[in-house]
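Look at the two complexes coming up: chain A is in both, with chain B in one and chain C in the other.
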Partner chain A sequence: MSESHAPRAGALDLAAAPSPLNRFGPARDYFGIALLGIGLWLLVVETNAFYSSVLATILIWTIATGGLNIIAGLGGYPSLVQGAFYGIGAYGSALAMKWGQPFWASCFEAVGAASLLGLVIGLVFSRTRGQYFAIGTMFSGLAVALVLNNWRMLTNGQLGISVDFGFADMDQLNIVIPAAAALTLAIFRFVSRRRLGWRLQTILEDEDLAEHIGVPTARTKLTGFVLSAAIGAVAGVLIGQYNGTISPDLFDYYVGFVMFVALSVGGAGRVLGPLLGSAFIVGIPDLLNLSSGIGLLIAGLIFVLVIILIPGGFMSALDALVRWVAMKAARR
Partner chain B sequence: MFLQAVANGIVLGSLFALLGVGLTLTYGVMEVPNFAQAGVITLAAYTMLWLNQTAAWPFGLAVLGGLAVGGVLSVLTERLAYRFVRTRPLAAPVVALGILLVLDNIALVLFGGDHVSLSPPYAGDALHLGAVNVPAVGVALIATTAVALLALYLFLQRTRTGRAIRAVSQNAEAAATLGIRLEQQYVISFFISGILAGLAAFAYGPMYAVFPYMADAILLNAFVVVVLGGLGNVGGAAVCGLFLGLLESFGAVYISAAYQTLFGFAVLLLMIVLRPSGLFSSGARRIA
Partner chain C sequence: MSGFLEVEGASKTFGGVRAVDAVDFSVDEGKIYGVIGPNGSGKTTLLGLLSGTYRPDRGVIRLNGRRLDGLSAHRTVQAGVARTFQTSRLFYRWSLAANLTAAAAARPIARGEEDHSALLGLVGLAGRGDAECLSLSNAERRLAMIAVALATRPHLLLLDEPAVGMSPKETAALAGIIRRIRDDRGVTIIVVEHNMHFMMGMAEWIMAMRAGRKLAEGTPAEIRANADVVAAYLGG
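Presenting the complex of A and B:
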C-alpha cells in the first residue's frame, strides 16, 4: 500500500486533493451523485412526515451550502452572505408570483436578482481579503435582513408573506428538491475540475502568486461569487415553495454565518461536504429536540471541537476511515 | 434635537470605541475575528448582576468581579480554542461563532432568557446641559471609555509588554525572531480584551438590558470600527468609534431608526471602495 494518498497536512482538503474517494473517474462520480439523489428522493417519499420535512430542509440547505462551496470551498473566501441570497431567492420568487408572473419565470427572476446583488457585493468586497471579506459580507447579509424586516410595504415585515404554490402537487416538489440537491453537487463537481475551479483553487493556495502567473483573480472571484449567489437563490425558491410562508427570521444575518459553519464542519471544497454539514447543522437540533439553551450550547461545543480536531471537516474524517479500511483489506 | 443627537452620538460612540479597541487588539495579534467578545460581555454583565443583586456585593466590587470574569473567560477562549486555529484563517470565524454560541447559551442556561437590568446606584440621575439630557449611565460610559483608552494607549506606547504586543501585531514572525514570546503576548492581549469587554458590560448593561444575546448586534458595529480604524490602532478605533456613534445617532434621528446599523455599513462600503487600505492605515498590513 503506497502512502501517496496521504492528505496534505493543514491545508483544507480540496475536491482535487488525493483521496481514496476520488480515485474513480468523472463518470463514476456523476453516476454516484445521481444514485445518491435517487436514494434521497426515496427517503423523502418513504419516511413519515416529520423525517421527510427534516430531510427536505437538509436538502435545501445542501443546495445553499453547495453554492457557497464554490466561493468558500474552492476559492477560500469566507462568504457569510449566503443567507441573504437564500432570502432573495425566497422573497423574489414569492413576490414575482404575487405580481402575476408564472412560477418558472419567477424562479429565473429571483435567481437573476440574487446574481445581480451578488455582482454588486462581489464588486465591492472581492477587493478585500480574509477576515475583512468575512466581516464585509456579513454586513451585506445584515443589510438584506434589515430590508426584509423593515420594508413592510413589500415584505409585510416580521409577519412574512405567503407563497403561491408553483408545482402541480407535493409529489412533484418532493422530486424537485432531491434532484436540485444532487444537481448542485454535480455542478460543484463539474466546476471544480474546470478552469474556473482550478483558478479558484490557485487563489486559495496563494492569491498573489496566482496573479503573478496570470490568473485573472478579480474576475475569477467575481464569477465564483455570483455563481454561489445564484445557487443560493435556488435554495431560497425551494424553501418558499416547501414552507408555503416565509418570514425574515428564516433569512436573518446569522443564517449566512451558520451556512458557512455547516460547510466547514462538513468539509469545505469537497463535493459531499455541504450534504454532511447540512445534515449535521439542520438535522441534529431538529431530531434531538433539545431545549434551545442546552442544544445550542452543545452545538457550539461540537463546532469548535470538529473544526479544531478534524480540520477538513467530516469529509476528511471519512477519507481517513476509508483509507484505514482499505489498508486493513490490503494486509489481509 | 441637534445637540441631543450629538450627545447621544458621543455616548454611543464611546461604547463603539470601547468595543472596537478590544477587538482591534486581539484581531491585531492573532487575526481572529473575535465574535466571542459578545459572549464575554454577556457573561461579565451577568456576573456583575449576580454579585450585586443575589450575593449583595456593593456595586463597585461587583463590577470588579465582572471585569475579572471577563478577563479570565477571554483568556480561556484563546487557550482552549483560538490558539489551535491561528494558522487557519478559514476556520477562525467558525470557531468564533462556536464559542459565542457556547458563552451566550451558558448565560441562557444559568440565568434564563429574561431581560433584566443592571442598576448602578446612580441609575436614576441625569446630567442636564441646557436642553440636552445625558443620563448618568451615559456619563459613566464616556468616562470609562476615556480612562480605558488613555490607559491602554499609555500601556501600548510606554511599556515593554505594550511594545511587544504592537510588534507581534505588525509582524508575528519578525517579532518571534527578535525573541518576543508570542504565546505570552496572545494571552496578555486576550486578557486586556476581556477586561475591556467587562468594562463594556459595566457601561452598556445599565443603558439597555442584560440578556443572553445582548451584545451580538452591537458587536457588528464594533467590527466596522475595527476595519475603519485600522488594526491595532487604538487612536484610530477611538476616533472611528466616536465618528460611527455620531453618524448612527444622526441617521437615526434624521433618516430612520430602523436602519441605524446600516449607516455604519454604508461608511464601510465607501471606505473599501475609496480607500481600501483603511482610514488610518500604517501600511503594515494589507486588507485588499
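Presenting the complex of A and C:
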C-alpha cells in the first residue's frame, strides 16, 4: 500500500481520549524509543551473564509480540499463531545456512517464508472473526509445531538442530537484539499513525462500519497479518542466533497463545505493551527459576488477574497512575 | 432510462425468501427519493444492494453509467455511494471528529483539508466534534451517522430509517437537514422510512414497496392517493 495517496495520514491520531503518556509528538516518541534501546543495550552488556540472557530473551519476545501487536493490538484480531512465525524464522534461517546460504540471505529467506505462510493463513482465516479466528490460527500454529516435531529429516525432531552463528561475535549480537527490539517498537509507533494503522483501528472498532466508510477491510487485515508474521520471524532468527541450538519445544503450539497473553497483559495496541508483557511473561519464570510448567501456570494466573482487574493491561494501569499523579500535582 | 441512478431487475433472495424481487427504478441527480413500505417489504435490503452490503442475485445497478452491482461495500463507497444504518453505528470510543477524519481519509484519492465544522453545522451538530460518540443522544447519533457518511463525499447518500427513535420535533428538524444536505452539497438522497408523514413532506418522488416488489411510484400526492399503497399500509 503506497502512502503517497494518503491524505495527511501521518497526522492521524484517532484515539478519543489519548493516553497521558502519548502527548508527545512523533519526534519525541522516536527519540524516547531510541533512548530506551540504548538503555536496554547497556543493561544487556553490563549485567551478569544470567540477567543478560534473561533480558535478551525478553527483548526477543518483545520483537515477536511487537509484531503481533499490529494485527492483534491495532486490528483486534486475536492471532494465536505468532509462535509458528517465530519458529519458521528460527528454523528457516538455520536450515538456509545449513544449505550454504550466507547469514544475511538466510534472514530474508526466513522472513519471506514466514510472510508467505502468513499470507496463506491470512487468506484462509481473515474471513473469520473473534473466537473463530483465534481457533483457526491456533490450529495453524499446531500444524507448524507438528511439522517441526515430526519432519525429522528436515528438523531432526525433538533433538533440535544447531544454528550457525552469523555475527562477528556475541557483542555484535548483543547490540543487534536491543536495536531490533527498539526498531520493532518504532515500526509499531509508525504504522499505528499511518493509513494501515488507523484502518486496522477502524476494523477493531466496527469492521462492518469500516467497510462502509470505504476501508478495504480484507486487504487491510491481510497486510497487517503478514507484517506481524514477518516481524515474528525476525524474532525467530534472533533466538536461533542467541541460543545456538533450536528445538521444537521453543516453538510449541501454545507459544503463540503465550505471546498473545504477553501482549494483552502488557497492553495491546500500545507501543510499550509488548516490552512490559514480555518482561512479565518471560522474565518472572526465568528470574524465579521456575520450571516451564509452573511458569506457564503463573503466566495464566497473571493473565486472568490482569484481564479482570486492568482490562487494558499494564500500560493502561500506568496511564491511570500518571493521571492520578498529575491530578495530585495540579491540586497542590 | 438515462437517470443518475438506474436499477434494473434487482433481486435478492435470503433462504428462499425473495427480499427484493425484480425491482426497477431510476433516480435523477439531486433529487430526494423516498422508499416506503410496511415492515419486511424489502426497503432495507434494496438499500443494501445499492450500498454493496449485499450483492444482488440478479439485476443491474448503474451510477452515472458505472456498474455498481457486484462491487464490495468499500468499493461502492469509493464509487461515491454512502449509507447510514437503522441502528446507529459509529466508532463509539472515538470523538465525532475522529469518526469524520477516518471517513474522510478512507478513500484512496487525496483531498484537501476536510473542514469538519461545516459538515457538523450542516447536520445540526455544530461544536460537537470533540464529543465522544458514546456521550451523544439518540438523535445526535442519528445525525452523526449522516455526517460520517457525508464525510466520504458521496454523490449518492442512502439513509435507512434516519428518524428511528426521534421525537416529532427532532424528526421535523431532520427533514430540514436532509433537504439542506441536498441543496448545499448537491447530493442525491434516497431515504427509506415507514413514517409516511415524514416522507410526504420531504421526498420529491416516492416508491412504495410490498413483499419485495415495487407497488407504485409517483409524487407524494399520487402515492397518498394510491389505493394499493393505502391497502398495503392498512393491511387490506
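Keep this in mind: the second predicted complex is superposed on the first by the 305 of 332 C-alpha atoms of A that agree within 3 Å, B and C clash if a C-alpha of one lies under 4 Å from a C-alpha of the other, contacts with A are read in each partner's own complex, and residues count from 1 in each chain.
In this text, a contact is a pair of C-beta atoms (placed from the backbone, for glycine too) under 8 Å apart; a residue touches a chain by one contact, two chains touch by 3 or more.
All values derive from a computational prediction rather than experimental measurement.
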Classify the contacts of A:F139 with the two partner chains as first (chain B alone), second (chain C alone), both, or neither.
-> first
After lining up the shared chain so the two structures overlap, which partner does A:R199 touch, if you call chain B first and chain C second: first, second, both or neither?
-> second
Considering only touches as defined above, state whether A:G130 meets chain B (first), chain C (second), both or neither.
-> first
After lining up the shared chain so the two structures overlap, which partner does A:S264 touch, if you call chain B first and chain C second: first, second, both or neither?
-> first
Any idea whether chain B or chain C touches more of chain A?
-> B
Just chain B (first), just chain C (second), both, or neither: which does A:G300 touch?
-> first
Taking the two structures together, which residues of chain A meet both chain B and chain C?
-> 12
Residues of chain A defined as touching chain C within the complex = 5-9, 12, 14-17, 195, 198-199, 202, 205-206, 208-217
Within the complex, which stretch of chain B touches chain A?
-> 27, 31-33, 81, 84-85, 87-95, 97-102, 104-106, 108-109, 113, 220, 223-224, 226-227, 256, 258-259, 261-262, 265, 268-269, 272-273, 276, 286-288
Sites on chain A touched by chain B in the complex | 10, 12, 72, 76, 78, 80, 124-125, 127-132, 134-136, 138-140, 142-143, 146, 149-150, 253, 257-258, 260-261, 264-265, 268, 292-294, 296-297, 299-304, 307-308, 311
Touch list for chain C against partner chain A, complex = 51, 53, 72-75, 77-78, 82-83, 89-95, 98, 101-113, 132-133, 148-149, 151-152
